[in-house]
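This is the structure I want to talk about, given as structure tokens.
A, B and C are the chain letters, set down in written order, and residue numbers restart from 1 in every chain.
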Amino acid sequence: MITADEQLAEMAAQALAEVRRQKPLVHNITNWVVTAFTANATLAVGASPVMAHAHEEAAEFARAAGAVVLNIGTLTPYTVQAMSLAGRAANELGVPVVLDPVGYGATELRTSATERLLGELRVHILRGNAAEMAGIGGRRAVIQGVDAVAAAPEAETAVAVARRWNLVAAVTAAVDSVSDGRRLLQVANGHHLLTRVTGTGCTASALVGAFAAVEPDGVLAAGAALVCLGVAAEQAGERASGPGTFAAHLLDTLHNLDETAVRRHARVAWAEPPC
Amino acid sequence: MITADEQLAEMAAQALAEVRRQKPLVHNITNWVVTAFTANATLAVGASPVMAHAHEEAAEFARAAGAVVLNIGTLTPYTVQAMSLAGRAANELGVPVVLDPVGYGATELRTSATERLLGELRVHILRGNAAEMAGIGGRRAVIQGVDAVAAAPEAETAVAVARRWNLVAAVTAAVDSVSDGRRLLQVANGHHLLTRVTGTGCTASALVGAFAAVEPDGVLAAGAALVCLGVAAEQAGERASGPGTFAAHLLDTLHNLDETAVRRHARVAWAEPPC
Amino acid sequence: MITADEQLAEMAAQALAEVRRQKPLVHNITNWVVTAFTANATLAVGASPVMAHAHEEAAEFARAAGAVVLNIGTLTPYTVQAMSLAGRAANELGVPVVLDPVGYGATELRTSATERLLGELRVHILRGNAAEMAGIGGRRAVIQGVDAVAAAPEAETAVAVARRWNLVAAVTAAVDSVSDGRRLLQVANGHHLLTRVTGTGCTASALVGAFAAVEPDGVLAAGAALVCLGVAAEQAGERASGPGTFAAHLLDTLHNLDETAVRRHARVAWAEPPC
């Protein structure tokens, strides 16, 4: 559905090469469910994950990192405070901060934690699903638990969130939309089994962090990460017989992903932002 | 060893179809070890998992859920209090509560937490292994860590626990026994590799929750969940070369499980409850 | 690169048989990232894992265990205190204690937690990577996050740490070095994909615990565990197409590992300790 922009495909391939060359440290404060898969995916793409949430060391790891990824799944007040400490330390040094507002709108705690972090921190990239992001953009969405069941058109949502919060918004869906409020980039890579494995959204956020560590333009960083994850997912989907083998193959295909495959299979393009 | 009851096999197949139709939200407060596998198995069977334990949101998710599953592996006083909050909110709205008393009898903390939750909450279904359940039923069992090494006959245990605590008791073993104190249902599906993967008992409890969300009769709900998990495990066992590939294939076979396979392979029947 | 010592290969094979015969309970207080994989690997090798960190039960599980494994990844002051309680209870009964100083030197919290535990407890075996162990031995190393990027020669490090702290030091690297300060044992088994799966170092520590439960000589216990993990990794590497399938196959090959394969493929030998 997207005619690939060759320059963007080339950018994604080069960003992947750069992640592998620099092996950036990505400091994650994330949830109990996805820690292992997120760390393994970060390793597979070529970066170096650290998962740490103690208040005594959150800022120290953030200062050493190429990017900080904050994820509010299984949040508690303790972990939100850790995210605040890590995020502020990252902001002081200009280390990019990625926020994943898991379940925004599902409970008061998640909504207020997201708004606290967006208020306190300079968040560079906000990565969420359509329902979470629609809520953050001030739109209505139907949410069941932490998974979206219906939402406003994603491209509009991405632009609205980016403008409202002055950041890069990445809305992942069948077609992903990434915007800084001015530009809109779309990625059509992916596989339906991504929605049947827990933590693939969280993994997308962690990979966005890895790419943000090497690419200062947040729209390009998020776009490249989503292209690489999507192309790897397509390759994994061909080998999988269901979500369990898909998850294992996805780590393999991320690890083996070559720049030529990214150039050839990337379905990424600029689109006209809705007014 | 069990001549399948055709009506029960049909019931299990229809319950699976109903889980997939309704996609119930299953709220889990569970342990660090099994969160990812439990969530993935819940997704694979067609339900929608949420894992959340903060006191500020435990009741809120419970009220939105089709079932609440409480699991005391890696418990702390904090998470037990979260289970109490979620369970009481569920009770107020009639949302079914499933309790998994991981390691009951192994430590004083686990024994007292189980008894606190059984005392405070209306638990609809209690799912445990033979040693845990023998202890809860007032019988002696030999326990090593959180795994049973010897126990009283499971059918008797299920009936005794159900009568003592006025709930549905599901004792999983080579042949599973489910009882409400009056009826006794047995399930002979399963595979020996289930005992070599951590968290398959916890996963059984989560699937019991998914089925309890769509089937009000707790004996039928637990029976249908154990049939589906057991048939999927048999299919996974045929493809696996050990516990690692078994775990991946189990998610695949749960995801691909069709009602015809359930009808054909279910080994489930009513049995005479021991006096 | 190592000419195998036949007696050591035989010792490793017999230790594996003994783990499977005794099925020791291994009590782990470990990090969020690796709990599931560590527990599954411990089950696969034939031991019985329990993961529990509540202060109310940490000592109780430690007293029931064949070995206690403490791992400071994702540490908080709460979990370090749990490690102290479990370790002291283990020391009172002579239950061997294994410590994994994840990220020593990366943050002040990790350095001080490691030193606190080494000071308070009689640690039988300390298992770490080259950079962590170089730091503990008083040498300099370049650390990025929790992964080593450069370090002093591992054999020297193992001997220095063992002498400085009066324990068995196991430094895992391309060639593992195990020393009690007097003897030096080296293991050349392994596979490069072990470094691309999160928690394989933590898993090594857990398996060292399982073997320490059945083999009182800590150098032999650690050596046997590293041989078995390394041989299983070589077999898994032959079947894997990347880190995701490698992790699944590693659990399979640990489960299926037979003593003949250990005898045949072990690359383990005594070496001359550097002065």
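Just a few scattered comments:
Methods note: contacts are C-beta pairs under 8 Å (C-beta built on N, C-alpha and C of every residue); 3 or more make two chains touch, one makes a residue touch a chain.
Worth saying up front: this structure is predicted, and the values here are computed from it rather than measured.
Following the contact convention of this document, A is the list of chains adjacent to both chain B and chain C. Residues touching across the chain A and chain B pair largely diverge in numbering: under half of the numbers involved belong to both copies.
Once the centre of each chain is set as its mean CA position, chain A and chain B turn out to be 34 Å apart.
Across the assembly, chain B contributes 32, 36, 247-248 as residues in contact with two or more other chains. Residues of chain A that touch chain C in their complex: 23, 25, 27, 32, 35-36, 39-40, 43-44, 48-54, 56-57, 60-61, 64-65, 247-256.
Interface residues of chain A, counted against chain B in their complex, comprise 31-34, 36-37, 73-77, 103, 106-110, 144-147, 196-199, 240-245, 247-248.
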